[in-house]
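Naming follows writing order (A, B, C and D), and every chain is counted from residue 1.
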Amino acid sequence: MSDTSSEYDSDIEAAIRGNHPALITYITAGDPSLEDTKAYVEALDRGGSDLIELGLPFSEPIAEGQTIQAAINRALAAGTTPEGFFELVEDLETEAPLLVMTYYNMILQYGSEPDVRPFVERAAEAGLSGIIVPDLPAEEADPLRDACDDNGLDLIFIIAPTTEGERLDAVMSRVSGFAYVQARLGTTGARANVSGATYDSLARLSKYDVPKAVGFGVSEGDHAAEIIEAGADGVIVGSALIDIIASSDDPSDAVDALEAKAAELKRGARRGAETLTDDPEDTPEPEQP
Amino acid sequence: MSDTSSEYDSDIEAAIRGNHPALITYITAGDPSLEDTKAYVEALDRGGSDLIELGLPFSEPIAEGQTIQAAINRALAAGTTPEGFFELVEDLETEAPLLVMTYYNMILQYGSEPDVRPFVERAAEAGLSGIIVPDLPAEEADPLRDACDDNGLDLIFIIAPTTEGERLDAVMSRVSGFAYVQARLGTTGARANVSGATYDSLARLSKYDVPKAVGFGVSEGDHAAEIIEAGADGVIVGSALIDIIASSDDPSDAVDALEAKAAELKRGARRGAETLTDDPEDTPEPEQP
Amino acid sequence: MSTERERDDEYESGGGTFGDYGGQYVPEALMPALQELEDAYERYVLENEDGFMDEFRDRMRDFGGRPTPLQRADRLSERYDREVYLKREDLLHGGAHKLNNALGQVLLAKYMGKERIIAETGAGQHGTATAMAAAHLDMPCEIYMGRTDVNRQRPNVYRMRMNGAEVNPVEAGSATLKEAINETMRDWATTVERTHYVIGSVVGPHPFPRMVRDFQAVIGEEIRDQIREKAGRLPDSVVACAGGGSNTMGTFHAFVPDEGVDLYAVEAGGSSLEIDEENGMAPNSATLSTGTDGVLHGAMTKLLQAGDGQIVESHSVSAGLDYAGVGPELSHLVDIGRVTPTNVDDDDALNGFHRLSRLEGIIPALESSHALGYLEEEHDELGDLVVVNVSGRGDKDLETVLEETEKRDLEAAPEIEVFDG
Amino acid sequence: MSTERERDDEYESGGGTFGDYGGQYVPEALMPALQELEDAYERYVLENEDGFMDEFRDRMRDFGGRPTPLQRADRLSERYDREVYLKREDLLHGGAHKLNNALGQVLLAKYMGKERIIAETGAGQHGTATAMAAAHLDMPCEIYMGRTDVNRQRPNVYRMRMNGAEVNPVEAGSATLKEAINETMRDWATTVERTHYVIGSVVGPHPFPRMVRDFQAVIGEEIRDQIREKAGRLPDSVVACAGGGSNTMGTFHAFVPDEGVDLYAVEAGGSSLEIDEENGMAPNSATLSTGTDGVLHGAMTKLLQAGDGQIVESHSVSAGLDYAGVGPELSHLVDIGRVTPTNVDDDDALNGFHRLSRLEGIIPALESSHALGYLEEEHDELGDLVVVNVSGRGDKDLETVLEETEKRDLEAAPEIEVFDG
């Protein structure tokens, strides 16, 4: 794993700011097996991911669309456990820092009593750089935030299209690592275009000096370009990668495709960044969904 | 048809008193066809019936057991109508006088308006001697009774095991022809023995000077004997005859069997009468049902 | 109750008749039981002897759920541009007005010292109500039901069995309600001394039509009070469906003396108003609208019959209206012009079902849907303030409605794609 | 309402928690909607702004059929040699207590200017109640229901469709309630600005557990008045089944301050109280009795979960109790000893079903049958005056009960020979 903590507050901030425009990739650990996940993560790393989110599967993934739900079901059916997950993380050798994405109950239940600390400590020990919890809004986050602070992990918050006004200030005041900008209302899942809400959100967030990465629906290099052009520091891609995994007849087939996809997305992001530098005045028109 | 009205009030009373102990037989007209019925009635007449009841089928035979219900259904399916019924009666040549047994709505609807008179007039014209209506209690019988009186027909009343006290007096005061003593509660249908209620009813009726004939369940010569021995003037048999008709492969097969059954029943009745004359003191023990 | 008797006398000849209708056309064996019942009816029901009516009312409140609401139907009122109120008998225990009568009779049987209850049922609503009442009052109970109905109304058979009643399938004839009544009468004629026959509507020999009406009359009595409270006056018209006519008479009875209140009895027009005499079939059960006078099941009344007096088989999409006779009191009220006989066909009834389900969130019985179909067709004739009796809920009718809706192009139906797999 | 708030404060830490339980564990996108809802709940429900609560109560009376009776169960009282009363929520429109909540929330959504209603349903009772309320209040409505439940609860699917609701089958996982909730949350996260999610029990993120409880609290408030009138005092114990716990909290809420009244929450013991962690299965849904603390569907509460935090699949013969979570307020009341958690197994519940059907003429929901099963088992512990909440009617359960009864030798079941052919 890389260690670039110098001018930045954390590995994660460094991974995004230092590699601008950043590519953040997500896959579900254990889909279809932890061994395969290892190969996939390394492929994503090679393809140019600057930060990698690994999903620890939970039986009730209320924030996920059908693609990631199916991945989680496959991972659970393969017997993926938190301990297996941490061992995978320990085993991984990537340039990009790693984040865990999971639901709050998985974090609470890791120790012998419901408590967030054992999970956070284990995550830090395994070499993870941060945590994202899709069912943990800022209001309920203090215990986990404290534990992350104590263990040098970032706790990533999601900014939704509905996050506005005072609440936006309150959430932004807690952000560490980067702000996960939810591109549209709804759940995760590859979409064919970039939502108009993305532009609104990025505009609303422009006054906050934190890295912003946009996820939910990004699936192609061209989306990545548009999003970066709209002012994001990074793009987050998940379902599009899982589609590749799910549609491979043989798990090992997916490795090259994942690497290629990551490269395409990274190229797209770079294209967006170049447009920005070429023509900084030209704000692109939001595309209608 | 015979005409024996001399010392008696009516053909019917004469048929019973004059032929003591009397056999009264019932079959459903039109089962399985009116032509067959003609042959059956003549067979019953030859076999020794002193009075013959012919059922005019009605779609809702609430007083009948399964045997007669089925006969009625066959007769209706064969298209038996009141007019066909009356033509059959006109066609018949029997020693025994004929009664029609039907439900009140059939009588009411015979004319163009709901009225009992057209039916009664047609019945008299066809040569019938009386009418039995199982769903017409004494309380509702005045219009039909008047019409019968005017046309020289007897209206037969049924005395049930539940007919007692003042009601019994009231009903008995209206009796003409004979009192139809219902041997047991329930519906028509052949039974294997004589009901205890028969003895009770005959005892209750002993003070009334009208002919009494017992029906509902009588099926064998021995029953006939017991009933006559118990003080009845006649026995009424229906379902046992219909069983013969229903079980014949060819309708014409039934003719001889019906004649033989009538003869058996008449012999049984005579046996009962002889016992009475032999040993007038000896009241038979009621058999337990 | 004495005022009610006086009122009755205005159109009852006394004894057991209503004008030319009514009477006791039953086998002799049943007459003593009818007299015993008449006596019990007068003492317990009319004179409240031993507090019978108090107990009845208490049980109908606590066990049955009375009073049922009178609800303003906001969206129907808007649709028809007049005030429409619904009497919610669908909320009564068991899901229909039937319990008013069943509980009354089973309780009366208990007061009379009877040991056993029998009843007929067609669709199963009266059978389930009787089985519930009998379980509640600890009386053994047997229900006769045509085999055809047993097969097509299985949930109601199960409900009766769960309440501990025996269900005796009747195989005769078309094996539906008419045959079930015949068979119950036969049982009664056999066991009359210890058994009470709970007739399911305002039909049968005296005193049933009056007694059943009196047990059901609470519907109209409540409506009178409720509409006065809610609308400040009596309604211009009251609409109820009519099969045998028990919800009908129950709804109308309190309004009979109010000449300003028009009373509409809506029968099942089925698929046509013509009778096929040849085959003994009526494709409707619009007895009041098209029937002729005759005697069926113990009473003189209007009937569906062939010219020679055979009773024909009625037909309606709604099993509970599917009967060739009707209560004698309704026949009389129609003859004297107090009740207007009307009917709507199967399609209109199905539309009525769907319309109430979608607009008001109430799934009505198919029987009651006839009253709602009439409301749609003739609302202009009904004045500014209309009460419709929703005699029961439609849970029992879902399968039928689905099947019948799929066959037709119904204006008010949702697109009901069935979820397969 | 102000006194209620004071009472709540005795055990609520304020905000959205009950002791350690409750909270708002939902995706960020939903938080503003929850805050909007909390605000609306406080204004309309707690402070009766714009007469919201008056309209709610009027509609529950006229449309819903409130008050429901409190009935003395004569034969159960005799059987158990103590006074047993039944609260008859089975008589509410739709056939269960669910309408109290559904109508309250749909009306609130209307006051909030929402344009669309969504809800999850398991057995279909909450879905049908919501569909009825939405039809009644003219709101478009979509219901999510697991494919397995769609297939086994077809009549409820039809009812929802008849009321004009869309029914969306959910194919994920075991395709039952848990998955339906997940999917409804996903819809909500997509459409939250114009859509209200009508959660079906006292579960989910704040303010749902409190709000649903307040809509259901009318059950216990009525019981208090009714038992005082009928028995002259408060009961010794109150018994209600618990799935999510809405009928439970609705029944208990008014009695929480009455220390002399024992409160029993009866859960589904299923076929065994053991969890099979390997396969992620609990053969029960006895969450309060056996669960551990965790977060599910937006709240911290007691759950059925494997040691690593995966939620297990619960099982019960009663679909409406078949849920791996429970309301956070109940978890708290159990922790502080105010509510006694208990459970009965499938057999006892089935016997409870049959017993009430046969002895009292009331066919209870299989959910409610658990409370009746507990009454049979532990009546000696319940004091002289017991109230049992009959949360719904069992018409929906007939097929299940038949099937399950045939597999077993149940003491209280009638001989149910099925009428074939």
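Here are a few things to note about the model shown:
In this section, a residue touches a chain if its C-beta (ideal position, glycine included) is under 8 Å from a C-beta of that chain, and two chains touch if they have at least 3 such contacts.
Just so we're on the same page, UniProt names per chain: A, B = Tryptophan synthase alpha chain; C, D = Tryptophan synthase beta chain.
These numbers were taken from a predicted model, which means no experiment stands behind them.
Considered apart from chain D, the assembly falls into separate touching groups, namely A | B, C.
Greatest centre-to-centre distance from chain B is found for A, with centres as Cα means. One finds 97 Å separating the Cα centroids of chain A and chain B. In whole angstrom, the spacing between the mean C-alpha positions of chain A and chain D is 38.
Work out the mean CA point of chain B and of chain D, and you get 66 Å between them. Residue positions of chain D touching 2 or more other chains: none.
Judged by the touch criterion defined above, the protein chains link up one after another in an open path, with no loop closing it. Pairwise chain contacts in this structure: A-D, B-C, C-D. Those residues of chain A lying in contact with chain D across their complex are 58-66, 69, 73, 76, 81-82, 103-110, 114, 134-140, 157-164, 167, 171, 182, 185-187. Those residues of chain D lying in contact with chain C across their complex are 61-63, 65, 68-72, 75, 88, 90-93, 95, 131-138, 147, 150-151, 154-155, 157-159, 161-164, 167, 169, 353-354, 357-363, 394-395, 398, 401-402, 414, 416, 419, 421. Residues 23-33, 35, 172-173, 178, 182, 185-186, 189-193, 280, 292-298, 303, 305, 307-311 of chain D are the ones touching chain A in the complex.
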